[in-house]
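Each structure below is given as structure tokens.
Here come two complexes built around chain A, the first alongside chain B, the second alongside chain C.
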Partner chain A sequence: MSRLTGYAAPPKARPGAAAPHQYRLLGKKVLITDEHGRWALMTPAEHKRLLSGLKPSDPLWTSIQARGFVAGAFDFDAAARRQFERGLLSWKGPASHALALDGMTLETARAVVEFVFRCPGPQLTLELVFVDASSVWPVLWFIVQYARRKGEWSRRPVFLIARGAAMTPDQVDFLRSHGVTRAATLALDGAPDMKKAPPFRAQRARAVLLPGAVRPREWAEWFEKWGFESVRLLPSELDAEGASRFGAFHGELLDWLVEHAEDTNLRDEWATAFLAGRTWRLPGVDLLEQLAYDARGRVFTSEESAAAGAPVLGEAGELRYQDLAKIEAASAVIAASHADNQPQCSQCAYRSYCTVAPSINQKLQGHYWGLTPDSAACAWQMGILDRFFGRLDDEKWLLLLSKWHVDMG
Partner chain B sequence: MKTKKKTTNNAPRAVAPQLLAAPVPKLSSSEASVSLDIKAHGLEPVLGAAYLMMDKAFVSLSGDRTKTIVVGLRAKDPKAVKPKALAAEFLADLETQKVRWAVAKNNLPIREFIAEQAVLIANGTIPAPSPAAAAPEPAAEQLTDDQRAEIEKLISEVEAEIKTMNDKKIATDPKGVKASWEEKQEQEHKA
Partner chain C sequence: MKLAKGAVVVKLGKPLYGAQALAAGALALGARAKVFVEENKSSFSVRIEPASPLSEDALLALGGSFLNEALNHAYRQRVIQANAPLTRAIFAPLFAKGFPAVPADPLEELEPQVKADRALDLEEFLTQARGLK
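Here is the complex of A and B:
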């Protein structure tokens, strides 16, 4: 289902020629990446030359050496710094905390916010999740106020996101005046009705792609028209068919974004998440990126695991952050999400950009570890990255990425 | 499993990959099996290629991992893929795996050195790349009296907010027309 690519007649790799890298065939191009997020696109003939040993007189030598792919002219200090910065050695704790507010009491909300602020890290994001803001308003109001004060007291930037399906204009005003980003939960079906407004004025869209969703370009225009700044598309079903349908839709949406690179304000959230080159910042990666809390204040490794009801790491009011490391489930999900521990991931060109969240593996395949060749989630994420990296020789795509503050230099 | 002729020389056989004859798979109506000399092909590429087949086939490995391994491939969907195609795909993957493992092994000392240096940076033995990488201390769990007082004030404000919401609800809908069935039942029950 999700596969590494290979040459029909594989070239030979001479010792001391090419620096550590992985490769992937993307159409007529070859993408090579290292484990610290550096990349280069080349032709198969150029890759063959790299593997057999580039000479300094080769026109490719300067650009490839500068990117750290020539073993004989390798900048060890720079590579070590990049490994530190982009690897788990510089991980500071889960940055994103998803709180399910429906049914949560004020007392629980207070305990959860206090637990979130016991987590280390230079900044914290609290994503407040609900169906209708009116049904959780006192708790939402309290968390916004309390988290803002806690942020000031701990002198850490706090990003607040209110994500739901319904919100009144008054609630939108309150959230806007308190610097809370509003994210609308949407389900895309059929073609958009350009005259139909979203349920409330939101900056972000978290859009589930239903099987009937068509005309991605028109949907892009609809998002643009109604003032969305970013969209995160999600497949309704994560199976082979769902991943393929998602790929076609997402590809066309990206085409539209590239065509309107100069004038659109819309951003694809997957691009900014994947291309940041820190796999522990991918949305929903258990514990490394995210912790989730249910209405009872129970702590989970991610929203996905909260939805499944397991594994429970503890109660927000009782659990100590430093005790997380002693929990076997926590160790298991961290080990399972590391590319070096996954046979296919360790050889994948996207290893420094991607990991499948262990709780997704649990949901799809019944165990945290997952079997990547057979994983629809791996195929889905590989497809997203193929679309991003396949466009890296397109100036307009690079312009768009730079507009989104994604540094692919 | 086939037995191999013993060589007179006890030293490991050095077989140049390009001189190897391509392994010939044995095919039955439902399964393909490929016998592979580990010294010639390497253990990691064989295991890697076998792992990659798992989306299409049930893979079995038998034999001695220091000498010869027999890889058995049985299609998960026999109608979709025939044993011959499975074997061809496995052998193509095996060749690719050899390239990938060659790059990995050639660069093992480089990767080890980089990892060591990165750990030294993390330990502070080598200066960190930028001050931004330094982690701030976790927020103090103990709150000051002023902070506690502010939380209490916040909670009383929330309670006032709830009361205002409820009053507003009554003001805009005094007869409770918009009330849900459960709310009406509750009100009647209270009355």
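Here is the complex of A and C:
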């Protein structure tokens, strides 16, 4: 049962009727999920029928049985396969590497790129973070060239993302010709000026929602108009008020996307991140999804921990990737990000989709584990997931998800 | 929870709370307070002295933070124990095998010329980059 959403009078459950699952009340609907990421959205009456024992003649039987929620027809092999595919057992190493370029030297850049390529995994993403591309251009140029070449040598796909607030048209052209995705760091305030172009032509928007940001639908139109392919909204302050403000804005932006499902090219990055159902792929999850490097080449568990300056795992030029497992802080963040080690998360309906990055817990609450009932990050992420799962009975939302290659089957 | 001369005192029963839970509570307070513990057979008496004088409400909030974290820790340990058979199966192989790095490129190992060519490529990139503004 997820916190705050229990039934006032829980339906009676007949032992052996329904397969183990978590539930969460979403308005008038009940979301049920299992630990392998399967889900179903139903009415309370249907949930009651499931708990008391569905008969094969029940109209629900076919879909619910196929999703693995009927105890008597549980497919253990399929569950084991899903557990392996979606769980840490199939984790191959951090896929995303965030490099803070401002102040980085070429020698440090070289050491960092070489460290990144010692990480295993079928593909690597290097996110190159800066304020103004012009002030880091030699380093940015070098990393793009060297990482591309290293990708060819190691025969692994390499995704490069250049994320900043400013770059010139020539720099955009260079990055485009080298297959680098451009992400614009934006701060949304007030309503958009539709005539005002973004600082450069970017495919992705990393948009921080300032307290004054209004008219989310117009912002969606603004993103669409200026050719953005995806947007990742972020709250400016991660507290109760910030999470609530974010929820209202994000909800309306999603409404706009659903209404324009057939013709929009814009994607909500949170949807693809959360609904992929691999918590170690959520952006910014320490070490499992991300490693971060500061300008001095120090290695951190995530961008958040790099911003805090701790814990430092080592220096890119000296640290060996295989030694990461021996570092206590590395073990701690991995243990702290696993739902089965967290009292509230272990019983949450979103346990197989969500985790709060331990470094965010550290920032907000002083330690990696976090205190979930008080956590604004938990409320923020649960809000996002409520908006995604609450719409899963909407054909247009499903159409949009399939356009974004999110398979909720 | 009782207020006592600018401090707050909480009593916690054994065996629900152990030394680790108290340490977790103290850690959550950080530099905001000093925590003193007295132990007897059945309970702990914890005296929390703030780093600087606080109002009664703030003292109670400080004690509350300590209690929240101590309870969270105690409960989390139970959850961890309950889920241990599953999590052990996941974490044991992960940490037992460590994080294997990508092995050295066999092409570079077998063909010294490949390694030399690649070093030249790198040098060329560095030289070009140094010439950029």
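Keep in mind that, in the parts below, the second predicted complex is superposed on the first by the 405 of 409 C-alpha atoms of A that agree within 3 Å, B and C clash if a C-alpha of one lies under 4 Å from a C-alpha of the other, contacts with A are read in each partner's own complex, and residues count from 1 in each chain.
In this text, a residue touches a chain if its C-beta (ideal position, glycine included) is under 8 Å from a C-beta of that chain, and two chains touch if they have at least 3 such contacts.
Being a predicted model, the structure only gives us computed values, none of them experimental.
Novice: Quick one: chain B and chain C on chain A, clash or fit?
Specialist: Once both complexes are aligned on chain A, chain B and chain C clash.
Novice: For A:325, using the defined touch cut-off, is the partner it touches chain B, chain C, both, or neither? Pick first, second, both or neither.
Specialist: second
Novice: Should A:19 be classified as contacting the first partner (chain B), the second (chain C), both, or neither?
Specialist: Touch status of A:19: first partner only.
Novice: Looking only at contacts as defined up top, I'd like to know whether chain B or chain C touches more of chain A.
Specialist: Counted on chain A, the partner with more touching residues turns out to be B.
Novice: First (chain B), second (chain C), both or neither: which does A:338 touch?
Specialist: In the superposition, A:338 touches chain C alone.
Novice: Looking at A:110, would you say it contacts chain B, chain C, both, or neither? Reply first, second, both or neither.
Specialist: Both partners.
Novice: Once chain A of both complexes is superposed, is A:11 in touch with chain B (first), chain C (second), both, or neither?
Specialist: first
Novice: Based on the superposed arrangement, let me know which partner A:215 touches: chain B (first), chain C (second), both, or neither?
Specialist: Touch partners of A:215: none, neither chain B nor chain C.
Novice: When the two structures are overlaid on chain A, which partner does A:67 contact: first (chain B), second (chain C), both, or neither?
Specialist: neither
Novice: With the two structures laid over each other on chain A, which partner does A:119 touch: chain B (first), chain C (second), both, or neither?
Specialist: both
Novice: Report for A:369: first if it touches chain B alone, second if chain C alone, otherwise both or neither.
Specialist: The answer is second: A:369 touches chain C but not chain B.
Novice: Please write out, lowest number first, the residues of chain A touched by both chain B and chain C across the two complexes.
Specialist: 87, 89, 106, 110, 117-120, 137-138, 141-142, 145-146, 149, 153-154, 321, 343, 371, 374
Novice: Can you check the complex and tell me which residues of chain C touch chain A?
Specialist: 24, 27-28, 30, 68-69, 72, 75-76, 79-80, 83, 86-87, 90-91, 93-95, 98-102, 105, 107, 118, 121-122, 125-126, 128-130, 132-133
Novice: For the complex, which residues does chain B have touching chain A?
Specialist: For chain B paired with chain A, touching residues are 18, 47-48, 51-55, 92-93, 95-96, 98-100, 102-104, 106-107, 110-111, 113-115, 117-122, 126, 128-129, 132-133, 135-141, 143, 147, 150-151, 154-155, 157-158, 161-162, 165.
Novice: Spell out the residues on chain A that touch chain B in their complex, using ranges where they run on.
Specialist: Counting only chain A, the residues touching chain B are 1-8, 10-22, 35, 51, 71, 74, 76-77, 79-81, 83-85, 87, 89-90, 92, 106, 110, 114, 117-122, 137-138, 141-142, 145-146, 149-150, 153-156, 321, 343-344, 347, 371, 373-374.
Novice: Under the definition above, what is the set of chain A residues touching chain C in their complex?
Specialist: Chain A residues touching chain C: 87-89, 91, 93, 106, 110, 117-120, 137-139, 141-142, 145-146, 149, 153-154, 320-326, 331, 334-335, 338, 340-343, 346, 365-367, 369, 371, 374.
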